[in-house]
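Provided herewith is a single structure, encoded as structure tokens, for subsequent inquiry.
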Amino acid sequence: MSAIEVRHIYKVFGQNEAQAMKMLLAGAPKSEVLERTGCNVGVHDVSLSIESGEIFCIMGLSGSGKSTLVRHFNRLIEPSSGEILVGGKDVLKLDDAALNKMRRNDMSMVFQNFGLLPHKTVIDNVCYGLTVRGEKGDGVVQNARRWIDRVGLKGYEAKYPDELSGGMRQRVGLARALAVDASILLMDEAFSALDPLIRGDMQGLLLELQISLKKTIVFITHDIDEALRIGQRIAILRDGRLVQAGTPGEILDHPVEDYVRRFVEKRVDLAAKPH
Amino acid sequence: MNGIFLDLSVADEVNSAVMGFVQAHGEFFLAIAHFLLTWMLVPLERALLATPAWVALPAIALLAWHATRRIGVVVVLTVGLYLIGSFGLWDKLMQTVALMIVATLLTLAIGLPLGIWMSGSERLRNVLQPVLDVMQTLPTFVYLVPVLMLFGLGKVPALLATVVYALPPLVRLTDLGIRQVDASVVEAAQSFGTTRMQRLFSVQLPLARPSIMAGMNQAVMMALAMVVIASMIGARGLGEDVLAGINNMDMGRGLQGGLAIVILAVVIDRITQAYGVGKRQRELGAKKS
Amino acid sequence: APQCGSDKPLRFAGITWESGQFYTSLIRTILESGYGCKTEVVNGSTAATETALVSGDLQLWVEQWNRTDIIKKGVEGGKIKLVGDLLADGGATEGFFVPDYVVNGDAKRGIEASAPDLRTVADMPKYKELFADDEELGKGRFLNCPTGWDCEKINNQKFKAYKLDSSYTNFRAGTGSALDAAVSSAVERGKPVLFYYWSPASLMGKYKFVQIKEPDYNQKCWETIKDPRAKEVCPSATPNSRLTVGMSTALIQSDPEVVSLIEKVQVKPETINASIARMAGEKKVPADVVTKEFLKANPAVWSAWVTPAAAAKLTEALK
Amino acid sequence: MNGIFLDLSVADEVNSAVMGFVQAHGEFFLAIAHFLLTWMLVPLERALLATPAWVALPAIALLAWHATRRIGVVVVLTVGLYLIGSFGLWDKLMQTVALMIVATLLTLAIGLPLGIWMSGSERLRNVLQPVLDVMQTLPTFVYLVPVLMLFGLGKVPALLATVVYALPPLVRLTDLGIRQVDASVVEAAQSFGTTRMQRLFSVQLPLARPSIMAGMNQAVMMALAMVVIASMIGARGLGEDVLAGINNMDMGRGLQGGLAIVILAVVIDRITQAYGVGKRQRELGAKKS
Amino acid sequence: MSAIEVRHIYKVFGQNEAQAMKMLLAGAPKSEVLERTGCNVGVHDVSLSIESGEIFCIMGLSGSGKSTLVRHFNRLIEPSSGEILVGGKDVLKLDDAALNKMRRNDMSMVFQNFGLLPHKTVIDNVCYGLTVRGEKGDGVVQNARRWIDRVGLKGYEAKYPDELSGGMRQRVGLARALAVDASILLMDEAFSALDPLIRGDMQGLLLELQISLKKTIVFITHDIDEALRIGQRIAILRDGRLVQAGTPGEILDHPVEDYVRRFVEKRVDLAAKPH
């Protein structure tokens, strides 16, 4: 069974949602919708399914709708239209309690902009997902400490987010998401602010989690090498639409269009550059 | 007067309506007043009056120390209170304090939830906004005379007037503070399955704290600005001296009473604000001084 | 040169109670219509307008009870003088009151007399349960004058003189309007209430009250009662007060005609109480309407106050 | 009273000090009062009184439309004002409006800079905080009587009292708003060589706007809460009716006056708040309705 | 002449600055200072000089002090001790007016956390540096529009930052810094949120600017490929200290310590990974 399945998701931001949707259904491109209605198209008719236990990478140009799409999975954003199934259940039909239950136990998310709680220390931030769930006591703190160590922030437990560097903040977000031990991890450019050493280490961590604990990981990245290294499947978005989804091999060998090829070429290009 | 206006006047109708209402429902309201008095105001006042000053003063100083951790502040506050005692106003101070404590607690108990509720509903805000305007600008005495006829002279209408006047800034600033909380932080909290209550208590209220504390401060100020009005309808306390001063142009006496009120305001404000400051701010502050 | 008749208006203090408004309106009407003066009223709280009178900002303060330090100092300092005797029959009275139904019952409203034997202040302790004070259990509530008024201080002394401390709380209403509201609300509901009051006053015209007898006036005891610092106090009723007009000395010097009018103005208590009862009744009638009617109905009364020339003009104006 | 206290009383000293001061400097203060009167208060009041209601009412409606762009609001505000006229209070309304306009402008002119200044200096804040407490809680009448002796009865002391009372919330909330501005945004602005003034006008004030507007709202509310007090010291206007109503137990008349004040408060508040809303909010709001 | 030269810069964050400085001078490492004084060491005795017209890359672990160091150049941070010379002038001795003049004309910065003005539209944000300088009129707007087009945000001129995706925000910050046409560009992970296509394009833009306009560019990056591609010199930081600075060749061929070697190895590793 798919861990996550979405069908024909549309998301339009702005006041004239109805009009924009009409234009989209009539086949207008994102830029025209923006110009005519002032509405931003976030996601445009995306359907995909993510299998349980896989690392699914999402790539695409900046602004192509990756973050917006992922936010639908835990319903931080309501789609303009479409269906979302998580573990076979229709997320859009969940009431508040059921939605919260799912968010607590089945999914956790690392945000592109970190989303740390500025009034809590690093350790309280990392504990957050657990305390929200009602867990208490030493176990929680120890668990949090373990993850803080694991992401290399030992010694910073009592600091506040504004005392940390960008990459350190990102790692707090990472530790927070990992600490809840959910079966699905949504990671929105979760390594973008990390240096190559820590980044490699974290990639290893993800692979390990996936292999030993069978976690489903949705991973947004701009680094094709990273996607190739850890992704079992890769989806490529463009202007809110899904252009291609497949294994790294498929993508590399049979890019469906020029856009995809250029994504892949870039890598070859860099690797081939002499120094 | 001016050509375009109709000639309306509701004065007479209002007058007889009020009188009629008083005759019809007076008993009921008196019972409420009686309840508030015997269970809250009078016992608290008794207790405060029974506490000797040499117990109360150090107790307040300790509280101030616990709240602020700054010896300078503690000294100033204690000297201020001692001064009130030396003006011969200690007993009246206690009477006022009793009223203020009950009024502030009531204001908090009503204002915070209302502000929180308002922050979540555009519609409620549109409805409440003018009501709050009315509460702040309708001259106290306009509604106080009917209230007084219902509840009788004394502490109860004073309490009501104080709460009515002190409520709006707290509600408004709570609402403002919560609405200003960064949406991306709330979103992140949501993603962990935060319930409405958890969101409120672990994200929104802490982050709205500066605004809410400003609202608290204004509520306390408003409440203390009502002390004189309270005395105008028979509540005992510091206001009496001010009134007496006003009524015979005894500026000195009025000033003493007024100063006592100000000192009380500063004491309450400093202590509540200190408790309201976040853990982190406090650590920073403590290290600085 | 007299100010009356010039372009500069005579500035009156706006009085906050009905009888004062009646007198003010009466004098203003006569001065405007009879003497061709310009007048204007400046409203304000009593303390504010009294201060303004003493400092020369205002020139006339009608229905002056001569109770506050402001006025006393003004008179001492020669800034103002108190002129006239506005109320006939010896002046204003004051004392302790209860509504009539408390003593005599009110058959129409079905109220039984709850204190049929309440006659003198000596009877008061017996009825302390009747006037119970919620805020001070076990005592009765006596509604004193508003805080800071002269009568409040006098009552404080009387409390000692009549030994009421143990049975009653000396409850100060804070303001005149609060006292009025408390009394009328009790009366409207037929509840017992014990209070200090005075006449002329609108409530006196509006409701029926019974005065509680105090020991007779006694000059020496009155001195002890008047002095808030006196330790030894002996009982005495309050003597009647002369109601006057506070006039700035400058005006007295420049306008003898106005002074001589004001010296003569005098109205009977019944007239006053009837007029102000209308002003404060269910339908509030403005003071100028009431005074016009009074002037129209009683030419004999006022023609004795004014010069013949003024009388003629006034009669003309009233038509 | 209580054993531990000294027996202090400054009443007599204060009284004679005030008297002495009044005698010595009376002229000077009267001159100030005269200036304020002849150059600001009186001309404005004259102009307002000279404007017929059939000009003023549509003008205000237009202004409300320009500010809010919501027909519903305009209708409610206009009907409210028309109601005041129909109560026969139009002229008094204009007198009060004149006082309020001057008082609000003065409050803004003093309060905003003070709040800005305070936000930049911890020390100034520590000094000003208690001063603001005093301004809000010292009962008006305590300082009003001396002020009245200096400036004479009427509009000028009323103006002063109003400004003193309305100032603190504006100062406090301006300070709060500016301090809450995100430091990283200020830093980014700094990196482009933003001067102090540019930082203030293009970063801090716009981002502090919600707080400042809440301060404005409170200042207007406070100012209008002072209308009755103003009438107690001889300022003409709506307060007179309230006072008359209070003093003569004419609750209907008091209520009419009070309602007129409330309506005025709502009108001023809605219009200033609408102008205070950011460009963006306005666009969003306009599209919504 | 060096465009920027810093000498023995120290920066300690926290209350016990004096004590922390003493420990540092006595040779204590960052982690010990943190544990004992609660003070974060941002920069620890860094001296380096950046030549006019070069692209100088700074790399290092997350939290190693890169952002802190760069903020010293335009004095957004006052060092705990040390000297900073920009164009030969001692920046720490400048008064407010002179400092502002330098910031307006000689330097502009792209922030890791973007630092956009949330109350201004995209175009107003991009104009900001110019209007601060007092420039007015159509020229400013046209210039801004040109840069907005250049970074690929045409059509979004009237949007507010919160309506943009992460990468789009970053590009607004980029356009804002480029629009002022300063001779020194400080770029703090300026491309971290960009996809490879746009990123490559932007790298090309930088190289072009450097070659044609002789701009000095200080570029913080975590991507060793990027550093190798555009950097003339590379500095590597660790725990606030400068570990090595040199040309890409020097760094690759003669890493001074294991830490540096691992940075470089990573790249080889990735490039070598079969797919």
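Labels for the chains are A, B, C, D and E, by order of writing; each one numbers its residues from 1.
In this section, a residue touches a chain if its C-beta (ideal position, glycine included) is under 8 Å from a C-beta of that chain, and two chains touch if they have at least 3 such contacts.
Please read all numbers here as calculations on a predicted model, not as lab measurements.
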{"item": "Shortest path length from subunit A to subunit C (each step joins two touching chains)", "value": "2"}
{"item": "Furthest chain, CA centroid comparison against subunit B", "value": "E"}
{"item": "Pair of chains with maximal C-beta contact number", "value": "B-D"}
{"item": "Length of the line joining the C-alpha centres of subunit C and subunit D, rounded to whole Å", "value": "36"}
{"item": "Cα-centroid distance, subunit C relative to subunit E, in whole angstrom", "value": "83"}
{"item": "Whole-Å separation of chain centres (CA-atom averages), subunit D against subunit E", "value": "48"}
{"item": "Intercentroid distance (Cα basis), subunit E paired with subunit B, Å", "value": "51"}
{"item": "Touching two or more other chains - residue numbers and ranges from subunit D", "value": "141, 145, 246, 249-250, 252-253"}
{"item": "Residues of subunit E touching at least two other chains", "value": "113"}
{"item": "Numbers and ranges of subunit C residues touching at least 2 other chains", "value": "45, 47, 51, 177, 181, 184, 284"}
{"item": "Residues of subunit A defined as touching subunit B within the complex", "value": "74, 76, 96, 99-105, 107-109, 111, 113-119, 128-129, 131-133, 160, 180"}
{"item": "Subunit C residues touching subunit D - in the complex, by the definition given at the top", "value": "16-18, 42-45, 47-49, 51-52, 55, 57-58, 176-177, 180-181, 184, 202, 279-280, 284"}
{"item": "List of subunit B residues in touch with subunit C within their complex", "value": "11-12, 15-16, 19, 22-23, 26, 33-34, 37-38, 41-42, 141, 144-145, 148-150, 152-155, 231-235, 239-240, 243-250"}
{"item": "Complex contact set, residues of subunit C against subunit B", "value": "45-47, 50-51, 68-70, 134-135, 137, 143, 146-150, 152, 171-175, 177-179, 181-182, 184-185, 188-189, 282-284"}
{"item": "Subunit B-touching residues of subunit D, taken from the complex the two chains share", "value": "1-15, 18, 52-54, 57, 82-83, 85-88, 90-91, 130, 133-134, 136-139, 141-143, 145-146, 168-169, 172-173, 176, 179-180, 210-211, 214, 217-218, 221-222, 224-225, 227-228, 239, 242, 245-246, 249-259, 261-262, 265-266, 269"}
